[in-house]
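Each of the two complexes below includes subunit A, the first together with subunit B, the second together with subunit C.
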Partner chain A sequence: MTTDVGSESTPQLAEDLLKRPAGPGQRVHAVLHRQPALSPAIVLILAGVAFTLLNSRFYHLQNLSLIAQQVAVVGSLAVGQTLVILTAGIDLSVGAVMVLSSLVMSKLVFDHGVPGVLALLAGAVLAVAAQTLNGLLVTRIKLPPFIVTLGTLSIFTAVTLIYAKGQTVSLQPGGFLLWSADTVSIGSLHLTNGVLLMIALYVVMGFALRYTAWGRHLYAVGDDAEAARLAGISVNRVLLSAYMVAGLAIAVAAWILVGRVGGGDPNSGLNANLESITAVVIGGTSLFGGRGAVVGSLIGAVIVQVFDNGLALAGFDPNYQVLSVGVLVIAAVSVDQWIRSVKA
Partner chain B sequence: MTAPVLEARGLVKLFGRVVGLNDVGLSVAGGEVLAVIGDNGAGKSTLIKCLSGALVPDRGEILVDGVPVHFKRPQDAREAGIETVYQTLAVAPALDIASNLFLAREIRRKGPLGSVLRMLDTREMKRQAAEHIQRLGITTLQNIGQAVETLSGGQRQAVAVARAGAFGGKVVILDEPTAALGVRESAQVLKLVRDLRDQGLAVILISHNMPHVFEVADRIHIQRLGGCAGVITPASHSMEDAVAVMTGAKTLTSASGS
Partner chain C sequence: MNVSPSGVTAASRRARGSRLAAAGLTVCLAAALAACGSNGGSSSGSSGSSGSSAGSNSGAKVGVSLIVKTLTNPYFVSMEKDAKAAAAKDNVKLTVAAGSSDGDTQSQISAIDNAIARGDKGILITTNGDAVNTALRQAKQAGLFVIALDTATNPTSVADITYATDNTAAGKLDGQYAAAALAGKPAVVAMLDLFNNQVVSVDIDRDHGFLEGMGIDPGSTTQNAKEAKSGQYKGVAGGPGGSYSIACHQPTQGAINGGRTAMENCLSAHPDINVVYAINEPAAQGAYNALKAAGKAGKVAVYAIDGSCSGLKLVSSGEFATDAVQYPGKMASLGVDSIAKLARGGSKPSVTQGKTFYDTGTALVAAKPLNGVTVQSPTQAASACWGS
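Take a look at the complex of A and B:
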């Protein structure tokens, strides 16, 4: 690329510059470029230390257990959101699909006496089908994901409300669907099965994204869909699969939601959708696609909950939590912009 | 000359009311470099996209080793042994060199890890990628684990060419491989073109650069206004002739030279 015009007068100027040790900024850039989940991890650690200093009750295992339990629904939902965002899309309907799925699960058991396992399966099939609809509209009709899911957000929300007829469903304790809320104690750490389900979801998806061809194709499609197509990847199939697998993650989130609500509530999880996007963005996944790691979304979801919890313990007005999340989102996207500019 | 590896007959491609290709034929044999030249909008890219499966021609037939084929997707052409380096390179910037070389043909682990868990054999892919790059004599790529977006234009080109040449296909199509490159990198790419030819592959080279074309091509296919204006060789015609035919200042009397 470089032609050596005028190199006699200033010999090796460029090479001198290249040999110069990389500045701290460049080195940080290079590391973050390889590990997009690193910056949210640092934020989480710093926040943990700060909130512990403000109120030592923060780091008590009981409090940490509470945070974990509160994170489980949005954390699981964020897995599905991550898949879609990695393809350079966005899914505004995951929350609505989750609520609809959780309501169907609960009502099948409550109204029709369907065994819990079958109700769970039916809810999962519904979530995958709803996401397949999103995926088909994106790949076949070539609509932007934002528009598709904005539309289906309204549709699924309306279907939920029509189906619920304004009623909530409370399940009998001890049923299969409420298993997700059962406590699992490790010492004085009191987790729920839902938390473990969420962690399992992250392990499976982390593996699939990192170690399978499907995962790489997802990144390649999100990075540059046309290049991926020319390289021989079936772009539409990869896109559709992203939405469908997101449906599975939504089903897990719905199951955990049933456990937390104790049944089906059409008005539950109202903010879950935006919270899932927030978690993904704070977690370092690029809204422009092709960059990020699913573990970042877990960290992102935990960060939001940690700020919520920590600020409350420190005696701040709850509105400061909303404010801090806003600052975090903008900071996270700024870092992403910096990482994506390749100058290192 | 030996039988053509890749042959196209009477290709027609319309974009709405715009004629992209009008009854174009072409043939290339193993161990031969066929250059395709033409002015902007002459149909060069449309022609090679039809050959590489990126576009489906409206009419005409394509034969590989004398057998008619119908490419619907780039994968189809690839499976038939036709590898293409696109002008846009078609690399995934965030993935590393090895991952890009093996994009859409990844190697899985042996045993249940690969067959059940579909786990990739990253180490083996890196090893083979390094081997391919060495065999092709590409010296500009040092670290196989580097993300492609951190590479220079010439290095990215080398990655794309290595991907096309690495998998022992029959035909390699290169679309403007030297357009974005400096003098030294261009020379390296042209050397790669000759190496691929000497390995017995058929090479189709699309280029604007007349000196490059006359340096490596065995035959030159001239596109003009969507049709084929003739096929010449560097021995039979001069660069001036080629440019004159390309721009329409001159027409070839014996137009069919294949």
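Take a look at the complex of A and C:
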């Protein structure tokens, strides 16, 4: 296992210092090793070119705006998922927490007339609390994250359905909660506030992961928890914080979802758990922890949406979208394995 | 989700069950859970609640068991409510039971065993799968009358009779209205279906019904998107027909967000879409949101199916051109009535002529009446709608 802490901020890798004559394969390997988001970025560019050739409507700004709007929910969710996966964990419950949070937000406004700002706060507090529960179960009871979140996935899904009674909630237009769906036009690019929220989330989290002690500790814990502990890092506190901060990202995703749905729908976002994991994995973050960049998850989420949109535009059967995402996931993990296993 | 109960095939449920069984792998397990969830499945306590009636009628009480898929879906809650009302009227002792989730056959089997043990005269069941067949056969041998509600058993003969809604007819009503509203103008149609990862009879029936309503041959009996991509649609009641093209078939998962994404992708490829078929109300709502964001609200007709009370309001407000309504409560109350009658010496109910089941009917609700199609106004339909 490599000992570098994951991204380009490490100035010199041990391999570089050895100055061994490198073949082309090794050089590619070294570059990919330093830039985990590079391979998904290449895939994204190739996909963009291919879909433009299939249907020239693809690269129209109007269509690109749509892709941005469609990706905002899963993109935000993937930020939370990235944090957990960087700690060598996995969170199967992020989507369920998001749906529950979005329902609480919209039902507080719709059923009880709570002001939108307070409803948003309540939804955010709920998301962070739910993730704190996940984090505590992982750190205190020492259960594997997969099992913990598999359990809470069922719990949160059930609570959502009981709370919603299967009903959808449609909010009056113009409310604070629907601000996330308001259009922001930059020339003929029509984004929404939700898209900007998502981008802000990536900027903040990208900065925090790279330049704060917390961020570096997260990578260290994910790469080798025992080594991190010996280095004086409070492993449990870092783990718990990863789940809690993920809760904030989930709250942002829930707000954007409320905007897209126009309220709350217990059945919208049921696949978001897996979609967020897919985005993170395609984005080059290693499921084994400690390696990856949050921007990769954005690229991963965009790739999935580009395939979805591009194949629809080209008139393919929707099953090919599912098929292509499957191929991408396997390819992404294979590339990750290759990067990790070969020591230059 | 409102769509799933109306006839998810036994085959699809079997598929889901085996997927759950194979859930050893990380993603597989999560995928199976997600798939169950997306099918309107929900988790709730499985125990039966007893809705005994205030028996003022003469004669002995007749025991009837109502066993539904789950009790968190408003569709089944509506069944429970109407069955209880009928039980009170008919001097029936009604016991309600449900699976803990869509596909939970074990709870249903226990409920069937309990019904036999209790000496009930009949069972009304919306099965969660073929695994209940053996228990149902035992119930019939023990002299209970078995009525399948909403979803036929596989094979149908396991139940004495099926009370169901005709999803093809519901789609057809929407399609006929669409053809009449077009009045000869070219149609560019977006088909917003339910799933792409499993074949479910409600998905096929409603989709094909809509196409048939427009006089378009679906091109297959088992799959969506096999019709000719362009051609001529037929007018209704002597009205003019015209040319059509099918812009897309996209899955929506029967949810608002799925409906929106599907509509956005369809619109991106075909900005001239003017007819939208949606598998259910949430999908139609999502499609409307997408149309509104694209500045096309009111210019594109959205056709929905379900008939919930909140859906009817969207017909009034003009978001949906029509909503084909179905009556889950009616199936249950008719079922209770038939068993009570039979137990007191009445005759067995029979199927609707020309069908393999007793059709509890469907009606088209539209704000604007058109020549050649029979419609109800949203206010007329509101007395029989379900949910809240």
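What we mean here is this: the second predicted complex is superposed on the first by the 322 of 344 C-alpha atoms of A that agree within 3 Å, B and C clash if a C-alpha of one lies under 4 Å from a C-alpha of the other, contacts with A are read in each partner's own complex, and residues count from 1 in each chain.
The rule we apply is simple: a residue touches a chain if its C-beta (ideal position, glycine included) is under 8 Å from a C-beta of that chain, and two chains touch if they have at least 3 such contacts.
Please read all numbers here as calculations on a predicted model, not as lab measurements.
With both structures placed on the common chain, the touch criterion links A:229 to subunit B but leaves subunit C unconnected.
Annotation for subunit A, partner touching more residues between subunit B and subunit C: C. Of the two partner chains, neither subunit B nor subunit C is touched by A:44. After overlaying the two complexes on the shared chain, residue contacts for A:191 are found with neither subunit B nor subunit C. After overlaying the two complexes on the shared chain, residue contacts for A:238 are found with neither subunit B nor subunit C.
Of the two partner chains, subunit C is the only one that A:63 touches; subunit B does not reach it. By the touch criterion defined above, A:273 lies against subunit C but remains apart from subunit B after alignment on the C-alpha atoms of chain A.
Of the two partner chains placed by the overlay, only subunit C lies in contact with A:165; subunit B stays clear of it. Overlap of the subunit B and subunit C interfaces on subunit A comprises no residues. Across the interface of their complex, subunit B is touched by residues 1-3, 33-34, 207-208, 211-214, 216-217, 219-220, 223-224, 226-234, 290-291, 342, 344 of subunit A. Listing the residues of subunit B that touch subunit A in their complex gives 54, 73-75, 78, 84, 86, 88-95, 99-100, 103-106, 108, 117-120, 122, 147, 149-150, 152-154, 163, 181-183, 185. Subunit C contributes residues 1-2, 26-27, 29-31, 33-34, 37-38, 40, 42-44, 72-75, 77, 196-197, 225, 248-251, 253-258, 260-261, 264-266, 268-269, 282, 285-286, 289, 293, 310, 387-388 to its touches with subunit A in the complex. Partner subunit C is touched in their complex by these residues of subunit A: 55, 57, 62-63, 66, 69-70, 73, 90, 92, 146, 150, 153-154, 157-158, 161-162, 165-168, 170, 181, 183, 257, 260-263, 265, 267-271, 273-274, 277, 308-309, 312-313, 315, 317-319, 322.
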